[in-house]
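Multiple structures are listed underneath, in structure tokens.
There are two complexes below, and they share chain A, which is joined by chain B in the first and by chain C in the second.
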Partner chain A sequence: MEDFSFQHNVRARAGGTRQTAIVGVVASGNLEVLVERVLPDAECALDIKTAALGFGEVWRAVIGDFVERYSPGGLRFSINDGGARPDTVSLRLAQAVRLIAENGQ
Partner chain B sequence: MTSWQNNRAARDARIAAGAGLAHGKIVESRDATRLLEAVIRPGDRVCLEGDNQKQADLLSRALLAVDLSRINDLHMVQSGVVLPEHLDLFDRGVAKRLDYAYSGPQSARIARMLFGGKIALGAVHTYLELFARYFIDLTPHVALIAAVSADREGNLFTGPNTEDTPTVVEATAFKDGVVIAQVNEIVDTVPRVDIPADRVHFIVKSDKPFFVEPLFTRDPSAITEGQILTAMLAIKGIYAPYGVQRLNHGIGFSTAAIELLLPTFGERLGLKGRIATHFALNPHPALIPAIESGWVRQIHSFGSEVGMEDYIRARSDVYFTGPDGSLRSNRAFCQTAGLYACDMFIGSTLQIDLQGNSSTITASRIAGFGGAPNMGADARGRRHPSEPWLRAGAESDPDGAALLRRGRKLVVQIGETFGDKNVPLFVEKLDAIELAEKLNLELAPIMIYGDDVTHIVTEEGVANLLLCRTAQEREQAIRGVAGYTDVGRRRDHSMVAQLRQRGVIRRPEDLGINPLDADRSLLAARSIKDLVRWSGGLYAPPSKFRNW
Partner chain C sequence: MTAPFRDITPAERARSTSFYEASARTRLELLLDAGSFVEFIGPEQREISPHLNIFDLPEQFDDGIVVGHGRLDGAPVFVAAQEGRFMGGAFGEVHGAKLTGLLRAAREIGRIPVLILFDTGGVRLQEANAGELAIAEIMRAVMEARAAGVKVIGLIGGRSGCYGGGGLIAGCCSALAVSEPGRIAVSGPEVIETNRGVEEFDSRDRALVWRTMGGKHRRLLGAADVFAHDNVQDFREAALALLDLVGPFGLERLKAEQERLADRLRRYGACLDAVDIWTAEGIAHAETVPELPADQFIALADRIGRTSRDAR
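== the complex of A and B ==
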């Protein structure tokens, strides 16, 4: 197990009004992403628990590209990773943003 | 006086030595080892039919049990090293030299044995190359083959898995060699004659059917969103613009995803009838929905696939079938068809380097190549034009004179940037090169050479190497679709951006594809059971693929 935390300042607040969303599953080669709208609009944070060791630089790159592309302001992501491939991580993060960008509770 | 028929006399002596164990041509299975001891000589070149799928397993065990004082140091010349017994022969000293093409299930052990010096390796061949050498300098003295049934004269019915048998028999029987067949049953009349009796010298009836591996069944339930995305990119970024109608697919999950997206995503793009109509391909169950939806006109096959027999029989407009109604496959002809008559090969690999060279050989596994190298090579002997071939040729040489410019086969490597256990697909240096250095090989075992590769597709996008003008552009085009691998993260960002502007690299958004749409609901079948349903109950999957 390895843990990582990333904090970013972002351009804009994530769309929508939903307060929380969850996508994916904790399974080998997959991951679960819980996203909560709990931070100031110009900040986002990601807490990662991963089953894989030694991928810190890859996580940093994946998260950096994700934040740059989606500007998920106001969101805290809690990630439970079962050793997913980076492209799967990118996809789940994008799915989480899409889900919380819906309107509703 | 010089004799010019020594080999024929030697062949006749071998047959005479074996005849004492036979009634006519028929030998009891308990006498199989004694037959081989009578017929084979030390140092012989032996083809022990190890195909891609079908295995002469009884004859393998019989050969393994021979008296080493009578038979040793054999030179095995067979396309597939698949059964444990194939390697036990080398451990025991029955065999010493090996020339082969494919070793899928034995890849880890064959690597250990090569490093341990148990096997003297000639070369890892492509199929057509090994078959060609059967007729020049690797002609078998003895061929040990597998068939479904024989009549008492020795006519053989190979069933749908004809595979290598006609080629092996042709080279052996017509050059003074001895052909021994194991058969599942002896019948009064064979359903059709795949091998005529006068090319078969002995028949051994096996107590149980020969082993066949269902190698081409991919369970749709295991297809990931990443594979669906790469499949969408391939269809919209390559199949559609080039109008690829004649092609071969590899056996990975990415190409299975393509097959399952044709009736859904492909249909929505209006591509039916314009792409993927003629295949050199094994009977992939994943292609059933596309066939049933009217996409596919014709398929010629290298081998068969367990469970597809009744479906093939009922769809003879699509498949090649014999007078008995069952599939006739032929690896040599289908490899030739894939090489000369297909405009595209698309398949996966385990490692790609910065020049685009690829190999399935890693430090601990020597899997051989299967069909990919012949499918995935530009055929320099090709002369007939087609739209995709001409267009690819024009892209690689825009200033050449049209009437003199060769076309190019589209050779596409598709895969996710990270494979199983997060092992990167892209590497600075292929393990195959290290292997060649360690084993003192004169050539690294490369599956597809970089100068034959025209496109690389990953979840990050499509790289069109035909449009690269320098080695540096090519390297950056490859890095530019290598995702978060070390190779990908070391890209020159500004050069990759320029390549994208020129359309050398195309991202999902450049092709109008949203990665969030890459959903399993796009698959025409999401389980093996769905495939059975599409086939109207004709597809009968082997039990290991049944989970209901």
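== the complex of A and C ==
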């Protein structure tokens, strides 16, 4: 297992009122993303635990692209990864932001 | 919801969602009344397995099982759903403890039924002793809950089936619903082949696996009480029907179950294949059963009438 942590300053707060959301499953080629609204509006953080070793630079690129596109201010993402490809990671991150942007609990 | 889903009712969405393909969370969302599910020990609490890290294996925040309460047609129910894609839905220490706790809560309250959405290969081998103990605790908790007046319904239609200790727990439930892709057994195909040889059971023979362990055979044998189409709405309706059917539990019912099983062994114990059993049950052209569409199969199974309604 390999761990990564990323912190970013972002333009704007993520929409919606939900406090937590979860998408995905930890399986081969898949991952789960737990997202919690626990940070100041101008910050976001991502903690990654992955079964695939040696992909730190790929993670950095995927996360950088995601933060730029979605500006997920105020959100902490916790990721358990079963060796997902970068496109799957991008999809799950987008789904997580979309889900927590819904109104409700 | 997004525009394409705006005009779709929850029931329509549940009808068009494959139970087999859906995640544990989606199954619960669509099985229960819309918006009624409340989770116990959710993923944000991070009650993860204490063992997987030792094996350098990835963890999941809910340890592969979602437990909580909700409403089914307005009435309260406890629910547990296993995620069959995380480590084959296998029982570990935390995974098992969440189900044990749910069943004990149901026992204490004494009226609210429990729905268990099985999707499991059995015990998680990395947590062998803790997983085996969890199975024993859950079996005891199911029987104690039933003795306290709680109906415990198993719903089986996931990709991992219901194997190993999951098969034992299913055998303790008040009633079961199963779909065609759902499988119920204790030893899985590969386990039997490894231990007894390919002459005993060829695990690569998919037709053999399905006609021996699959939903149709379990329904015709009376192990499962309802055969459901592979969509979440049908499992919801099956759960409601079973909650209506299940009678009180006690010594008489256990004796009836023992008699049912002894009778089954007497009738079919010498059969070498599921087709022989179906023929002995009086089904004409029994070899065509695996190909029957669900509607025709349900009509056939209802005509055979071998259910465990009076036993279990």
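What we mean here is this: the second predicted complex is superposed on the first by the 105 of 105 C-alpha atoms of A that agree within 3 Å, B and C clash if a C-alpha of one lies under 4 Å from a C-alpha of the other, contacts with A are read in each partner's own complex, and residues count from 1 in each chain.
Just so it is clear, a residue touches a chain if its C-beta (ideal position, glycine included) is under 8 Å from a C-beta of that chain, and two chains touch if they have at least 3 such contacts.
Please read these numbers as outputs of a predicted model, since none were measured by experiment.
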Chain B versus chain C as contact partner of A:36, first or second or both or neither: second
Partner chain in contact with A:45 - chain B first, chain C second, else both or neither: neither
Contacts of A:80 with chain B and chain C, given as first, second, both or neither: second
Partner chain in contact with A:88 - chain B first, chain C second, else both or neither: first
Touching partner for A:26 - first (chain B), second (chain C), both, neither: second
Chain B to chain A touching residues, read off their complex: 224-226, 229, 416-418, 421-422, 459-460, 483-484, 489, 515-516, 518
Residues on chain A engaged by chain C in the complex (per definition of touch): 1, 20, 22, 25-27, 30, 32, 34, 36, 49-51, 78, 80-82, 104
Complex contact set, residues of chain C against chain A: 23, 25, 35, 42-44, 46, 53, 56-62, 83, 85-86
Chain B contact footprint on chain A (complex, rising order): 52, 55, 57-58, 61-62, 83, 85-88, 90-91, 94-95, 98
